[in-house]
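As structure tokens, here come the structures.
There are two complexes below, and they share chain A, which is joined by chain B in the first and by chain C in the second.
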Partner chain A sequence: MVASITNLGRSGLYDWVIQRLTAVILAVYTLFLLGFVIAHPDLQYSDWQGLFSCTAMKIASLLALISICAHGWVGMWTIATDYIKPTGIRFLFLLVTAAFVFVYLVWGIDILWGA
Partner chain B sequence: MNSNRPKNLDLTTIELPLPAKASILHRISGFALFFAVAFMLTALNASLESAESFAELKSTFDNGLAKLITWLILSAVGYHLIAGIKHLVMDAGIGESKEGGKVGAIITLVGGAIVIALAGVWVW
Partner chain C sequence: MLVSIYRYNPEADEAPYMQDYEISIPAGKDLMVLDVLNLVKEQDSSVSYRRSCREGVCGSDGMNINGKNGLACITPISEATKGKNDKLVLRPLPGMPVIRDLVIDMGLFYKQYESIKPYLNNNTPAPAIERLQSPEERAKLDGLYECILCACCSTSCPSFWWNPEKFVGPAGLLQAYRFLADTRDTSTEERLAELDDPFSVFRCRGIMNCVNVCPKGLNPTRAIGHIRGMLLQREI
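Now for the complex of A and B:
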């Protein structure tokens, strides 16, 4: 079997766990942000900037960012292997996906730590 | 099982059952969200860079196209989240029967529609 060299966890079982763990992290993060926005109906820059400047929020945001990257990769890999049969095109699709993931990760870190 | 049974895998001729509709929407929303992250990071960047860029971003949301994109992204997030919770519930062994699957799909689709409507009210 050479079919599994591009999946994130090297096995379907790992991917299954990664997909669910990252899903829970993203759900909690999303609901927290939703709650924060609802709690601040007239959201000001100082509230928002204050939230993202605290270390706990940076850690949570980085965790969410990494989760998006892993979750997105597993999802896109699943879609690619389900629908794109020709190896070359599928490989290209996954290459573009990997490029997006890499850019999201570096860009996201840059935003969170405001270089 | 009789291997000579006729089979039809032509999706254009099949009326998808509700759980299949809920499932393919979960997949489509996930695919869209993968690219929507670029918009989210753009907005996050503008919201955190400075007070001026924050105010500028706020005024951007007055634009009709920006409202539409925001609503579409919120809709995809909302639906994907609800369908994901259904997925986890089914992973726990709840609602795995044929009937249970249908009930879960109805809850997901109705819940998704409610969240999408609420997102629309919030954006406009």
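Now for the complex of A and C:
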């Protein structure tokens, strides 16, 4: 058993499942957006506005946002623990990553539900 | 034939270097790489490598042959040079400390092997004669027990290169599954609990280099998939 305090879930299994689940969510969300754009050849701002103002879309977008944050953290954490060996630099890298993830999450929620 | 060999003697050399030898191969013969090494040794007795059984059983002469890990004794030069020019380049297995020339320190590899407790645990009273298995139960061990611990797989695995002290590696995980799959072993739960962390099993990224090089034709990636499946089942 190898201990780690910086990975996302409680165990390797959690991280692994989270990574796969969020990948599926992001794929579905992306395909839907792509499909929407293709289905509206002359897309107007009002269509786009209309799409994102419906509650179901807001929930889906929030789900996608949380997924991207979780997926990103697990991925970046893996890269850091593979390639960055000096503890100080790795910690700094993870800190910057965490800051970005946090900012994106709060900012994203603000965009979705803000005034 | 031109044979280029990785040379390093930590006591005398500042850095490793490649040394070329011109070896005449008996006409019409397809020697094994180990035979060629033996011919090199006749020319230059200071070249060091491990070997013992010379028939793919002991696992001691794993090395990097023209860029691919394999056992020198069962790799014909025709296969090693296929699609490349007629040159043989021999290096030690990658990613491990070199003791001398083609001889590497296998310490970390064995340590990972030891960590999965490669022996049967059974705390039920021993039967009078032996613990029986049905032919079907026994068949589950096929493709697992044949491993000769040559380390060709683990030393071709990038995940093992980056984290050899935390990631068990394909060879160790193949054996971990060998004991998880054994109906005579009663410590399945303890074994799984040991493997649940983010490194031991889950550092495998399914690159399948291990499957590509195993001289015994074994499939560690599949075994790792089975372990993941068992871990998942245990938590759902």
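Simple rule for what comes next: the second predicted complex is superposed on the first by the 111 of 115 C-alpha atoms of A that agree within 3 Å, B and C clash if a C-alpha of one lies under 4 Å from a C-alpha of the other, contacts with A are read in each partner's own complex, and residues count from 1 in each chain.
Definition applied: a contact is a pair of C-beta atoms (placed from the backbone, for glycine too) under 8 Å apart; a residue touches a chain by one contact, two chains touch by 3 or more.
Small disclaimer: the values here were computed from a predicted structure and weren't measured.
**Student:** Is the number of chain A residues in contact higher for chain B or for chain C?
**Tutor:** Between chain B and chain C, B touches the greater number of residues in chain A.
**Student:** Just checking: does A:Phe93 make contact with chain B only, chain C only, both, or neither of them? Give me first, second, both or neither.
**Tutor:** Neither: A:Phe93 stays clear of chain B and chain C.
**Student:** Once the structures are superposed on A, label A:Phe36 by its partner contacts, choosing first (chain B), second (chain C), both or neither.
**Tutor:** A:Phe36 sits against neither chain B nor chain C.
**Student:** Is A:Thr81 touching anything from chain B or chain C once the two structures are fitted on A? First, second, both or neither.
**Tutor:** Second partner only, chain C.
**Student:** Touch test for A:Ala27: chain B only (first), chain C only (second), both, or neither?
**Tutor:** Only chain B is touched by A:Ala27; chain C is not.
**Student:** Give one of first, second, both or neither to describe whether A:Leu13 is in contact with chain B, with chain C, with both, or with none.
**Tutor:** In the superposition, A:Leu13 contacts chain C only.
**Student:** State which residues of chain A lie in both footprints, the one left by chain B and the one left by chain C.
**Tutor:** No residue sits in both footprints.
**Student:** For the complex, which residues does chain A have touching chain C?
**Tutor:** 1-4, 7, 11-13, 15-17, 81-83
**Student:** Touching residues of chain A toward chain B in the complex: what are they?
**Tutor:** Going by the criterion above, the answer is residues 20, 23-24, 27, 30, 45, 48-49, 52, 68, 72, 75-76, 79, 97, 100, 104, 107-108, 111, 114.
**Student:** Touching residues of chain C toward chain A in the complex: what are they?
**Tutor:** On the chain C side, the touching residues are 159, 162-163, 166, 193-203, 228, 231-232, 235.
**Student:** Can you name the residues of chain B that touch chain A in the complex?
**Tutor:** Interface residues on chain B, with respect to chain A: 27, 30-31, 33-35, 37-38, 41, 44-45, 47-49, 51, 54-55, 77, 81, 84-85, 87-88, 91.
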